[in-house]
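The first chain written gets the first letter, and so on, giving A, B, C, D, E, F and G; residue counts start at 1 in each chain.
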Amino acid sequence: MNTVTMQGNHEQQAYDRGITIFSPDGRLYQVEYAREAVKRGSASVGVRTPEGVVLAADRRARSPLIEQESIEKIHGVDDHIALASAGHVADARKLIDFARRRAQIDNLRYDESIGVETLTKAVTDHIQEYTQTGGARPFGVALLIGGVEDGEPRLFETDPSGTPYEWQATAVGGGREDSQSHLEDNYEDDLTLEEGIGLALEALAEASEDGLTASGVEMTTVPVESAQVEAVDEATLAEHIDDRDLGGDDDE
Amino acid sequence: MNTVTMQGNHEQQAYDRGITIFSPDGRLYQVEYAREAVKRGSASVGVRTPEGVVLAADRRARSPLIEQESIEKIHGVDDHIALASAGHVADARKLIDFARRRAQIDNLRYDESIGVETLTKAVTDHIQEYTQTGGARPFGVALLIGGVEDGEPRLFETDPSGTPYEWQATAVGGGREDSQSHLEDNYEDDLTLEEGIGLALEALAEASEDGLTASGVEMTTVPVESAQVEAVDEATLAEHIDDRDLGGDDDE
Amino acid sequence: MNTVTMQGNHEQQAYDRGITIFSPDGRLYQVEYAREAVKRGSASVGVRTPEGVVLAADRRARSPLIEQESIEKIHGVDDHIALASAGHVADARKLIDFARRRAQIDNLRYDESIGVETLTKAVTDHIQEYTQTGGARPFGVALLIGGVEDGEPRLFETDPSGTPYEWQATAVGGGREDSQSHLEDNYEDDLTLEEGIGLALEALAEASEDGLTASGVEMTTVPVESAQVEAVDEATLAEHIDDRDLGGDDDE
Amino acid sequence: MNTVTMQGNHEQQAYDRGITIFSPDGRLYQVEYAREAVKRGSASVGVRTPEGVVLAADRRARSPLIEQESIEKIHGVDDHIALASAGHVADARKLIDFARRRAQIDNLRYDESIGVETLTKAVTDHIQEYTQTGGARPFGVALLIGGVEDGEPRLFETDPSGTPYEWQATAVGGGREDSQSHLEDNYEDDLTLEEGIGLALEALAEASEDGLTASGVEMTTVPVESAQVEAVDEATLAEHIDDRDLGGDDDE
Amino acid sequence: MNTVTMQGNHEQQAYDRGITIFSPDGRLYQVEYAREAVKRGSASVGVRTPEGVVLAADRRARSPLIEQESIEKIHGVDDHIALASAGHVADARKLIDFARRRAQIDNLRYDESIGVETLTKAVTDHIQEYTQTGGARPFGVALLIGGVEDGEPRLFETDPSGTPYEWQATAVGGGREDSQSHLEDNYEDDLTLEEGIGLALEALAEASEDGLTASGVEMTTVPVESAQVEAVDEATLAEHIDDRDLGGDDDE
Amino acid sequence: MNTVTMQGNHEQQAYDRGITIFSPDGRLYQVEYAREAVKRGSASVGVRTPEGVVLAADRRARSPLIEQESIEKIHGVDDHIALASAGHVADARKLIDFARRRAQIDNLRYDESIGVETLTKAVTDHIQEYTQTGGARPFGVALLIGGVEDGEPRLFETDPSGTPYEWQATAVGGGREDSQSHLEDNYEDDLTLEEGIGLALEALAEASEDGLTASGVEMTTVPVESAQVEAVDEATLAEHIDDRDLGGDDDE
Amino acid sequence: MNTVTMQGNHEQQAYDRGITIFSPDGRLYQVEYAREAVKRGSASVGVRTPEGVVLAADRRARSPLIEQESIEKIHGVDDHIALASAGHVADARKLIDFARRRAQIDNLRYDESIGVETLTKAVTDHIQEYTQTGGARPFGVALLIGGVEDGEPRLFETDPSGTPYEWQATAVGGGREDSQSHLEDNYEDDLTLEEGIGLALEALAEASEDGLTASGVEMTTVPVESAQVEAVDEATLAEHIDDRDLGGDDDE
């Protein structure tokens, strides 16, 4: 490490130590570093098809003794909305709690289900507050929020700045670039839900070094027909992985 | 990077670390850096004609899979007021929420629509507070607020210091200088709304490196006649872009 | 920049970083820097004559498309008091709001108009608090508060330390020294209001590099006779500027 | 220590001094240092078998005059849930209090016992808050929470980031790597509770330099049959240690 | 500036940055720097005679256009107590407000006038709080509080540490040493009020570089006989200045 | 002092300046420094025998004119519990007040005496809070809490981290290592209370450079039989000191 | 000043900047610096005799025009308790107010006079809080609190750490060491009150460079017989000073 680099680092430190301030070029370093925390997490992928939304996540465990089911990365928010996360796990849990409470409040107050977009924007507003007012750091997590709203499948991303994006298909977390490239090259407007599941697995495999295993993948769909969050079981996953030759070493 | 530069930077840091203090030459660096955040955003343009106000924004997406409609940069505040933003998206969303709540309060309390100037000044007062009292950073966003008030078209800008400006035509965000030059050279007092739409697109094209696409532009007008916020549809945009030869590569 | 200068700066930084502390020589640097913010603003001038008070301000716009009327630098506080500002515009707006609310409270509570001196001291008390207690920066603005009180014309200045001064004639903002010199050389105790208007314009011209234009000047009087805030119209201004040969390039 | 190292340290300090901020590579140093505090504590081991859960802890005393029983590292939370800790003892006591109060509230409010997973997640939510909002440091402790829920044995770990993990068998504290290796090599799905006790002691011995003594080990089981927290007495421990030849110098 | 000096300064900074802490030799630098702020102000003098108390202040204006009466440095607190200030003007105004409110409260609560000593100690208690608890700087002002209490003339000083002193005669502000010397050399126990006025003017002249002018001096007495605050008019001042040959250039 | 040492110190400072943060190796420096404050205090010793608990403290005065009784280092908390302290005296007094109030609350609320262990844990919980949340430093004191609970003698130590330990015999404060060694070499399970008194004095003498004097020692017992705090008088102490030849120069 | 010294200073600064933290050797620098503030004050002496308590203080004025009576260093707290102070005068006044309010509360609540020891401990508890919790500095003052309680004379000292000491005779403030030596060499258990007065004056003279003057000494006694605070008049003081040849230059 040479001196120039060090000085550059010192300069940068002036802006990221105080979390809620701009750098001279108008950037918020803490938010950018929180995005790095997202990249340190394993990948999650979302694909929206006319028949429904697919959420997939890599939940490979660091030890064979860990209960793989306990590494939940996809969570139901309401009966018709699910979300997948990437990044700092404990932060993700906080946002999931926030999203669930927000959904419940709508159910109780208006006696109707919260919309996917409304929910996403409530979550991003919450995230933004952690980037502007002092005394806290940003959330080190990105979420993919998918569901069915008035018969339409919707898929949103929230990032650590608190910006919502709506996607046809996207990926968050480690290896996002590779996954996103694959999605952009292969996404079609008229995919069936089955094809969406396959595409999601392919994109997830792009982000993975070792290939997929059925138990190392968590997948949930929200089909338009049922408008219900439905987990995809391990057998179905195994079949898809096998069909598309995405498998890795399953012994792990 | 030489030593003198570094020292200059260190000196500067003393004033921008604490967000609410003056530099020896009477500047507020955090506010100036927030203006840089505005420049990092894509451009928005506003044009006021005797027949109404035009707001236009560049909403080109970073990926073909992103829902272009989700990159909203123009928002209705009330039925007769709209605003366009440039800069940090999550901050813009906060100010839009503030503006909408403020408009609703006036509707409820006085049973009449809020004026464009009254609304603008409420927003800028809110912005100023984030530049004087501690514990928060300024908003990294500029807004163009346009509407019809007592039959008169009005167009305002808010900047990160919390200063309101009224304009005949202006631009905010990346490439502002080029857009503003084009407006100053071509603006006429007696433009029709149609001509205003054309001028706004030309100014937006000035700020863009690749030329415009109908889907990459978001446009809203508030005509004096209807005194209603009206979105301009993609076909109309395409026609204007084509007429004025402002188009870029539409395949993207 | 040599090393000695840098060290001098470092030393100084110790006192201005913490906004509410004294330097070893008993100065409050943040207040002094806020005075620099005042100097960065364009000039305002006040002249008191036996027939009334004159407030004048330079409101030249940075673009021909900006609505010159929107660059308000003179504001009515009550029907018999007006104020002119110089410095950080958003801060000025905060103090104007404070002054207006304060005037209204007196009207409501005591059913009589607030005195010019009483109002000025309420404003300076408010300003002082931002220089002594932590968590905020001083106001980067100076005000000229003029009005008629019990038949007497009064003219006050507030500075960023929160000190009130009463003047026969003075200037604040950029070029203050030149304006003040001109006032000291030419002020007479028995000026008519017309002569006061002329003197104010001359003083404003001293602070300006390019000469005055009628549209680039904002002027308000509070004549003793009416005890009402009265704006001076552009035609009258143009005549005075022409009579005294204070004009610059009017095409701008 | 050479200069480069020092500079590297200085750089790091920028991120760990303010406890709730991200480093440029997206890490939370204070949380990572809290994990070091866990490693400074002596080891605790948890093993889940179909017949129940086993918690074991090293509680060797630093003086023969200390009451070994007072070095409690395993605590009952409810009649069916116990927890073992590793790390900063005073922090562990705080979390145990929190867990007990939380369990009581469920008992009182819903008249039913709290689930092991529900309790764990309440604890991890509490831990996470100490990593995101300012004014406090993270908890320097890891917990193993074991119990029986609806007839099923469950075993969870909480770490200083506030992430919950479910395990078949794991270790926390000093020597974790060695213990965990032993568990991974020797764990079987169909262990009896007796075998689980033996495996836990072996794993504990791996983390110990001197071998085990019955009085230096604290052990608790929650058998599925009784669904009650049951301490394992010293005689039983001595027998197991002897059987497996895990003993060290008992004179200490 | 040599290195040793710089280092000395750095060392000092450690103690005056945090306003409420002691230096290694038991000093409170911020209080000492606030005393420097007092010295930056123009002088005020107080003389107590058996016939009453005299307060005198230098209120020379920095411009001939400033209303000399507006540079008030002597203020009535109650009908029988006045005070003179030296130092940061805006701070002085805050303390005067505090003193007046305090006097009013006593009038209302006990239906009797507040004593000079009681009032002084209330003010110094208030000042002290700004030197011990955080979040604010000390008051950069010294006051001379004079009045008649139970038929006795009293004269007190308050300093920035919050210590009250009772004096026969003293001076505060710029040039205090010269004024005080003159008072010590010339004060007599049995001065008449007239002689006290003369002595006060002489002491004030000692602190002034240019000699006195009647309009540049503000003077108030509280005679024992009337026990009322009485301003000394300009003619009387002119006569005294002339008698004692203390005059300077009156044209200013 | 060489440069490397200094750098090492600087590095350390980063972690102990902010009191509630971990160092990279998982330590809390402020807690460790508070333990140094304990070592700066004179020694206290506790010995538990089947017949009761003995607390002894060194209260040698720094001047012959100080009232030796006023250097209380042993205090009754309740009629059956006493405590001895070592370290920062004013901190000890705070904890003693806390302990007494806590004991009183139990007496009032449950109409029964508080247990020794319950009291100790309430005190350590209180101490821990000063090590985790900001705005305060840890307590620089260690306590020995001794008493009789349900007929059983109990002896606890609290340390600055907030950890409780139960002991048969221990020492805190300056010279702890020597005292503790003596206790470990000479403690027997079946000591009489008389023998316990002797052992406590011997351990205290180990920590002292000059030998003991009856007036320089404070001693309290809580015999099982009476379950009452009983001070040991100076004559008894003198006899024991003489018997065991622990005496120093008594003239002091 | 050499470099090693500077570095030593820098190191120290790390601990005294944050007022409520321990240094690596377990010291609280801010408390030690507050003790230096005590030494900067002039001396106060207390002597307890069987016939009563004597408090004496040096109140020499810095100017002959200051009212010597206004330099009060001895204050009555209650009719039977007085206190003398040394150190930062404004801080002393705060503690005196606290002591008086505390005494009044006891009078009102329990209808009996507060004890000398109870009062002292209330004051020291108050002092301690300023050494442990943030946002304030310690009190830079030591007090001698003397009075008669149940017919017994008592004399206590409070220091800036918040520790109470009971004394037969002691001194605080500048020159304490010399005064204390004199007291230790000459104090007798059976002094009369008259002899106590003499000894106190001698000790005070030891701390003084110029010898005593009757007007420069303030003295109060609380005789056992009256149990009332009684000021010693100047004539009596003059006689004692003369008798013991403690006089200095009285012309001052």
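The criterion applied here is as follows: contacts are C-beta pairs under 8 Å (C-beta built on N, C-alpha and C of every residue); 3 or more make two chains touch, one makes a residue touch a chain.
Everything quoted here is computed from the prediction, not taken from an experiment.
> Moving step by step between touching chains, how few steps can get you from chain A to chain D?
Each step joins two touching chains, and the minimum needed here is 1.
> Report the inter-chain centroid distance for chain E and chain F in whole angstrom, where each centroid is the mean of the CA atoms.
The answer is 54 Å.
> Taking each chain's centre as the mean of its CA atoms, how far is chain C from chain D in angstrom?
Centre-to-centre distance between chain C and chain D: 68 Å.
> Please report how many Å separate the Cα centroid of chain E from that of chain G, as a whole number.
30
> Residues of chain D touching 2+ other chains?
Answer for chain D, listing residues that touch two or more other chains: 17, 134-135.
> Beginning at chain A, go round the ring through chain B first and name each chain as you reach it.
Sequence of chains in the ring starting at chain A, next chain B: A, B, C, E, G, F, D.
> Residue numbers of chain A touching chain B in their complex, please.
Interface residues on chain A, with respect to chain B: 4, 7-8, 11, 14-15, 17-18, 20-28, 121, 124-125, 127-128, 131-135, 156, 161-170, 180, 183-184, 187.
> Can you list the residues on chain B that touch chain A in the complex?
The touching residues are 1, 6, 9-10, 12-13, 16-17, 19, 29-30, 33-40, 63-67, 69-71, 88-91, 93-94, 97, 130, 134-140.
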